[in-house]
Amino acid sequence: MKRSWYAAPYGLWMVLFTVVPLLFVLYYAFTDQSGAFTVNNFVKIASPMYGLVLWDSLRLAFFCTLLCLLIGYPTAYFLASRDFSNAQTLVVLILVPMWMNFLLRTYAMMTLFENNGVINTLLESLGLQRIQMIGTEGAVLVGMVYNFLPFMVLPVYTVLKKMDYSVIEAAEDLGASPVRVVSRVVLPMSIPGVVSGITMVFMPAVTTFAISRMLSSGMIYLVGDMIEDYFIAMNNRNVGSTISLVMLVLIILSIGLLRKVDPDNSGGGLW
Amino acid sequence: MIDETRLIEIKGVSKSFGDTQVLHDIDLYIRKREFVTLLGPSGCGKTTLLRILGGFEMPSTGEVLFEGKDMTGIPPYKRRINTVFQKYALFNHLNVFDNIAFGLNLKTPEQLGCKSRAEMKQEVARRVNRMLKLVKMEGYEKRSTNALSGGQQQRIAIARALVNEPEVLLLDEPLGALDLKLRKEMQLELKAMQQQLGITFIYVTHDQEEALTMSDTIVVMNHGRIQQIGDPKGIYDEPRNAFVADFIGESNIIDGTMLQDDLVRFSDTEFQCVDEGFAKNEPVDVVIRPEDIMLVGEDVGMLRGVVESVIFKGVHYEMIIESNDCKWKVQSTTMQPVGTRVGMTIVPYNIHIMHKMPVLKEA
Amino acid sequence: MKNRGHRAGKLLKGLWLALVLAFLYIPIIVMIALSFNASVSRAAWTGFTLDWYVKLFKSKQIMAALNVTITVAVIATVVSTVMGTLGAIGMHAMSTGMANLLINVSYLPMTTPDIVTGVSLMLMFIFVKVPLGKWTMIMAHIAFDTPYVLFSVMPKLRQMNPNLYEAALDLGCHPAKALYKVIIPEIMPGIVTGALLAFTMSLDDFVISYFTSNTDQNLAMIVYSAARRGVEPTMYALSTLMFIVVLGLLLIVNRRNGLEEIA
């Protein structure tokens, strides 16, 4: 009657298809094309060119996360406030795009940003100059914010919603102005949601590859694009693995750092 | 009523979970058609003992015999024992009828004395309806179990177990979740059912009143050990130690010294009693029920004291009387106002002398 | 005074939310509208047409991708639902230490970036010389789908009265029979939610499929390769249909237990 054995196929599958593949990344990162041990891959990607790509990715991901926070936090706060009787519907409306394939969303963005796309057509009909948007960092950034915004709204909203509303009333009762209520009460209490929102936006943002390619026609080149090229176009899986490994480590480190802000991981994360 | 044959024998059963031993060397036999109650405070091991009988736990050592045959390793689904669980454990995806029919439907037509599937279906319906009648739930066949009250769910749980015609029914605090009035009704109904069906009931409760009302035999347990086995009256009148005396009903438990056979000293006074066989000057626990202390005039009492408080309890008054730095709980139908000086007498056979029980202090 | 300020505040909040919703939905609405536009150009509306949809269903490449997408999603959902449910039941019966270890492994595909998951699986398949196609895609999908099933079923098991299983044994069920007669029906809502989630995730996946399949393409991969060539109206039609299907599935899941819980 060992029911725990029912989990054996699951455990086996997860080890075989998640743990073991990651070990392959480790293996390829430390070998050359012939399979011999080497650290040359790391030496290679330590060059300024790779550093620049990494820097661009981190910078764009940082600004994307910041914008998502600046737009997403008030959105979540307003949704969680009791001002809107149809808040539940609004929340669903904001979350639905999150489940739409990001390629489709990016494709939609392309339609707007193209040189003879919707925005430029509109500008022209108003007698204004066309603007070159595709290929600019701005377009990629807007595309990323567009894709990842719901991932910020959701966890912040969940935490704010769970917050006891009488705490705010108590603060108001004690004479706190609306600004102070937010800065002294709401903000500190919502830190766990903000932390998991930052994780959920920053991680996919820093590793994205299709968004930048589609919205910049390849002019803006991020780490994700580089990994894609090494694996698909250049067929150099060793260097590709090395970049993946470095990025994975960076992400694990940054998540670890964020967890320090919210040690009990109480944010409304994925689950 | 009770058959003298021993249906179940528990021999030297101990049980440990990790480092905690919850049952210590239990010896107990249960006769056919007996209503046995395992009584004790929470954590005394009564539920674990019941679960061993049901086959849900294995004893760490010792054995359990059923009609003389070892059944220690037999899984629950092969025992002719059924259980009524504390939180009912009804199957919410099935309606009332299918819940009760669950056990029967697992059997073959032959086992139910039927020749065909169709005939079995009728037989199942017949038996389920008989059970619904027994638990007074006719007409509820098609109801969802979620739509039933706690008391109704409990009746269905009982019917679901009894329909399998078990030799023994195990009941784990089945009335714990019901309100007081319903609980009292169900106590009487359960007792009536047990007598009508002639099935052995093994009943777990922490409610001493429930145990006294329903049982043929009460097994008082504490800290994983049996403290006393006996019929309700015997347990109430002759508690074997201070724990039992305190747990069953209310008691005054005082330190005393056994001077010689039939003579004990407590509260600076010597009393005649009916207990023998103690060592000379052995320190003992003296147990006296509050209703066994008679209030008399101050000058004729064996003890003298002052009424310190009075509470009206419905049928009687409960008074606390201070005497020689000792507080006595006394029940009487006549009230003495606070501050009254009174005398108290106790007849010899109402004085119960008990060995001090060092083992009880371990918790 | 206060009341008026409050009303103004509410108006501002409403305006903010409207802007956010506009930002999120205008691109989608434009795309859906353009899928019915007679002209190839995004510049002007030249009349309503269903031509792009017709073209879509006539395209061999797209129909093949649709076939791959559905085959992969169905097989991955069935396998991951069975494996995830049994996994949850097994973990429920396990010691806490062992179960925690497995739960941490289950979080792994959720916390590893998709691109790393994708390339890691690609490396392994290439190393063991399995050709990258439909079947490697299915294996990868099972790996990221199953935790969703597991995490949908686990709470139902925790809520379940532990005596239910014992009651079934007590009434004469063998352990295996008790599993499907009592435990499975009891946790069925969790299983269905998990299966729907797994199916949606599988339909929707691009990154992991992209790295684990060469010969067979799913719909998302078609969208990507089309996007690299430039915008095509058939892709609007395809996107519109995919959006509607995923939206429909989500609404079903949402009706079962609220979107916030599953997000």
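A, B and C label the chains in the order they appear, each numbered from 1.
The rule is simple: a contact is a pair of C-beta atoms (placed from the backbone, for glycine too) under 8 Å apart; a residue touches a chain by one contact, two chains touch by 3 or more.
As the structure is a computational prediction, the values presented were derived from the model and not from experiment.
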item: Intersection of contact partners for chain A and chain C; value: none
item: Closest chain to the centre of mass proxy, which here is the mean CA position; value: C
item: Computed distance of Cα centres, chain C from chain A, in Å; value: 18
item: Inter-chain centre distance, chain B versus chain C - centres from mean C-alpha coordinates, in Å; value: 55
item: Chain A-chain B separation of Cα centroids, rounded to whole Å; value: 62
item: Interface hub residues of chain B, defined as touching at least two other chains; value: 75
item: Touching two or more other chains - residues of chain C; value: 175
item: Where chain A touches two or more other chains at once, by residue number; value: 1
item: Contact footprint of chain A on chain C as seen in their complex; value: 9-10, 13-14, 16-17, 20-21, 23-28, 30-31, 34, 41-44, 83-84, 86-94, 98, 102, 105-106, 108-117, 119-124, 126-127, 139-140, 142-143, 146-147, 150-151, 175, 200, 204, 206-207, 211, 220, 223-224, 227-228, 231, 235-236, 239, 242-243, 246-247, 250, 254, 259-260, 263
item: Complex contacts: residues of chain B adjacent to chain C; value: 54-56, 75-77, 81-83, 85-89, 91-94, 102-103, 106-107, 160-161, 164
item: Chain C residues touching chain B - in the complex, by the definition given at the top; value: 161, 163-164, 166-175, 177, 181-182, 185-186, 188
item: Contact set on chain A toward chain C in their complex; value: 1-11, 13-15, 17-22, 24-25, 27-28, 71, 74-75, 78-79, 81, 83-84, 90-112, 114, 116-118, 121, 146, 149-150, 154, 157-158, 203-204, 206-207, 209-210, 213-214, 224, 227-228, 231-232, 237, 240-241, 244, 247-248, 251, 255, 270-271
